[in-house]
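Chain nomenclature is as follows: A, B and C, assigned in order of appearance, with residue numbering initiated at 1 for each chain independently.
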Amino acid sequence: MKFKLDKKDFERFLKDLMEAYDLFAPVQLAEGVSVFRKIDQPEEVHLTQLVPQKSAKEVFFPQSEVMFRYETVEHREPILSEQRIERERVLLGARPCDIEAISILEKVFAGEDYTDVYFLEKRRKTTIVTLSCNHPLTTCFCSSTGGGPFRRDGSDLFLTDLGESYLVELLTEKGMAFSKNRFFREAGSKDFDLLKELEEKASKKAEASIPVEGIEKRLDLMVESPFWDRIHEKCIGCGVCTFLCPTCHCFDITDEAVNLKGQRVRNWDSCLFPIYSLETSGHNPRPTGRERTRQRLMHKFNYYPKNFDRVACVGCGRCILYCPVHFDIREALLYASSRRSKGQEGQSR
Amino acid sequence: MESETVTNWEPKILAFLCNWCSYAGADLAGTSRIQYPPNIRVIRVPCSGRINPLFILKALQGGMDGVLVSGCHPGDCHFLSGNYIGRRKSATLKRFLEYLGVEENRVQFSWVSAAEGVKFSQVIQEVTEDVKKLGPLRNFVKK
Amino acid sequence: MIQEKLREKAKELLSKKEVDLIIGFSEWTLPLRTTPVFIRTPEGTESLAWNSFCENNLATYLHKFGRFKVGIVVKGCDARSVVALSLEKRFPNHRPLLIGVPCQRMVDRKKVKKAVKGEILQAVEQGDLLVVKGEDFEVTLKRDDFLYSVCRSCTHRTPNQADFLIGDPVEEFPLDEAHPDVSEFEGKTPEERWGSFEKEISRCIRCYACREACPMCYCTECFVDSTRPKWIEKSLSPSDLAFYHIVRAYHQTGRCSGCGACERACPMDIRLTHLTQKLNQEVKDLYGFETGIQPEVPPPLSTFHPEDEQGFIK
């Protein structure tokens, strides 16, 4: 089902939306810096930055989340309270790559062995309104990792910017709940033609260029490759790539307690921090940047694909755009894939 | 209720006292029965040069309304130069905190020798009055 | 051409085996940027680049390569970081060979991006001009309008203590007044200053890029990672963020070369350099010290003078 939403109605559309839902969308914190936040005023919504620094994963898996609070009162048992999501939510304005990443996280957080209530509760209660990418950046390589600038999987509603209006596609049952929206107008063949044109143009621009097919097998042969000796050299070991990555999902749980009161909090963690793998004995199984960089790439392109049949990268390009030393993951992938023909370094050592 | 809490409010002040001079000065004040405000909590340290600026920040973050660091007079340091080194740390930290908007008198420094029980009590009175005037620390404290 | 001379010098050093590796800059996949490179063969020096986008302070890599004889490409600020590290006895084996390039001052890529609409695909320097191209635009900008603010107020652009200087020393511009960003901040009331500081750092995601990009941050265990004692929580409370940023900056007292690597590394564009610039101003004012200028003068916080300022002590 397809409709048209005029941009002049957009703020009022959002206002309506906020009556029934908690709205999450990109907001600009400073010029050129945006993140996903809960929206208080419709005019905060800022859709022009193609890839906000922090991805939409934060809506489901916040950087810092209180799991429960406790307090001992008069020597009795602690009082526990769990964080519940009260209202239905809408995530608006995330791009197809970020939405694809949510399905990657879902495989981990809603796995067979373990279900993460914090993630799932938010996921269940969220309707996803995706915005397509008419102008992918040169750092985007979503088509290489199985996505695309107009990929609709995982979206309930799908918006495309037609200039004066948005074309709205209702894709799921959750999306159909919007079919009677008072701002939706009938779309005509002109609009569909424009949609097609934009989609073709964007898809062409974002053509697949990085071979990731079967990369897990090639990486299997590269565990001890000298490749890792070189590739990590410029990495300074900060957490930019992992924190901004829409699919990275490592966390650390700590108790923040003062006297008899406290809270258990989980915070994002990064495999690039030395402390991440530091053991109590003082031994660190990943003692240098070599092992840590390898871990980051292996998790995305070897361990995860082995478990879930796809790479844990959606090609959003954040790690390339925001890396302080300009590490380009695409070059690493190209290098890794070129190893196939040159031989089996893993075995030669 | 609100106004009552404000009028009854008493500042909490953490005092880092060097073992060799200021702590003994506090002792002298005590044994000489010299009165001073009960607002300070004392932590004895081996030397004022031992003060890591982290201590001061941690105290403020943890709910202290003011911090005092007190050591031996110049030339009297038990370790010869600990208080000189501490003096540089104090000077730069104090200026930096002021730059960030922390009020001038939240963090204070003094030289008090083992013979200066009276001075010790005066310093505590002054610091307590100063911090009282500023009111409770609102910024930076962990809520 | 500086780039050619730089390659020649690097090639010579590697050929004569005077160094095991050269740390320098190379062009890479994105416009307006370079990337650090680690070159071990004379042929490899062909990838060395020198332009207005060599923004990283490569001295931060010296900790990683302490076992090797390193030749490192340095700007004025980077050279001062090396001097400061040397004072802290960070080079017990081999003092790195400094290949100094008098700095034309670096271009702030974020400022350039803000000046155009659309993605920048190419950026070419032509003398004092910067030609920036995108899919449907081409604009010519004046390079000097887009410099990093720390570069704009730099007073030591020619690397001192360099073992080799590539090109001629450049004219230095001493600052008449305080650092402009610092004066601007100081113009506010204390309440406004704290508010502004807190608002700025509220964007922090604790990725520690500022720490890692800094050559002077080399503690084996950073205070934020310490669990015994635990100084700071890992969450994003305003208080903990302030704690981190105050201490990170303060730890640079008398050690910061003012290169601005911390601010450039920040993915959230947090203004950080005015903090360390303020501290630099303080140590200059109080102790007449400037980081990395005199290789024999000890860092100000590890020494003293009996007559040091103490008007603030009761």
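Basically, a contact is a pair of C-beta atoms (placed from the backbone, for glycine too) under 8 Å apart; a residue touches a chain by one contact, two chains touch by 3 or more.
None of these values were measured; they are calculated from a predicted model.
Of all chains in the assembly, none touches subunit A and also subunit C.
Averaging Cα coordinates per chain and for the whole protein, the chain whose average falls nearest the overall one is C. Each chain gets one centre point, the mean of its Cα atoms, and the points for subunit A and subunit C are 31 Å apart. Between subunit B and subunit C the centroid-to-centroid distance comes to 36 Å (mean Cα coordinates, whole Å). Look at where the CA atoms of subunit A average out and do the same for subunit B: the two points lie 48 Å apart.
Of all residues in subunit A, none touches two or more other chains.
In the complex of the two chains, the subunit C residues touching subunit B come out as 185-186, 188-195, 197-198, 223, 231, 237, 239-240, 242-243, 246-247, 249-250, 253-254, 275, 278-279, 282-283, 286-287, 300-306, 308-310, 312-314. The residues of subunit B lying in touch with subunit C in their complex are 53-54, 57-58, 61, 74-75, 81, 84-85, 87-103, 108-111, 123, 126-127, 139-143. Contact residues on subunit C toward subunit A in their complex (touch as defined above): 28-30, 33-38, 56, 60-61, 64, 110, 113-114, 118-119, 121, 202-203, 205-209, 211-213, 225, 233-236, 261, 264-265, 267-269. Those residues of subunit A that touch subunit C in the shared complex are 29-33, 35, 53-54, 63-64, 135, 137-139, 230, 233-234, 236-240, 242-244, 252, 254, 256, 265, 267, 270, 273, 275, 289, 320-322, 324-328, 330-331.
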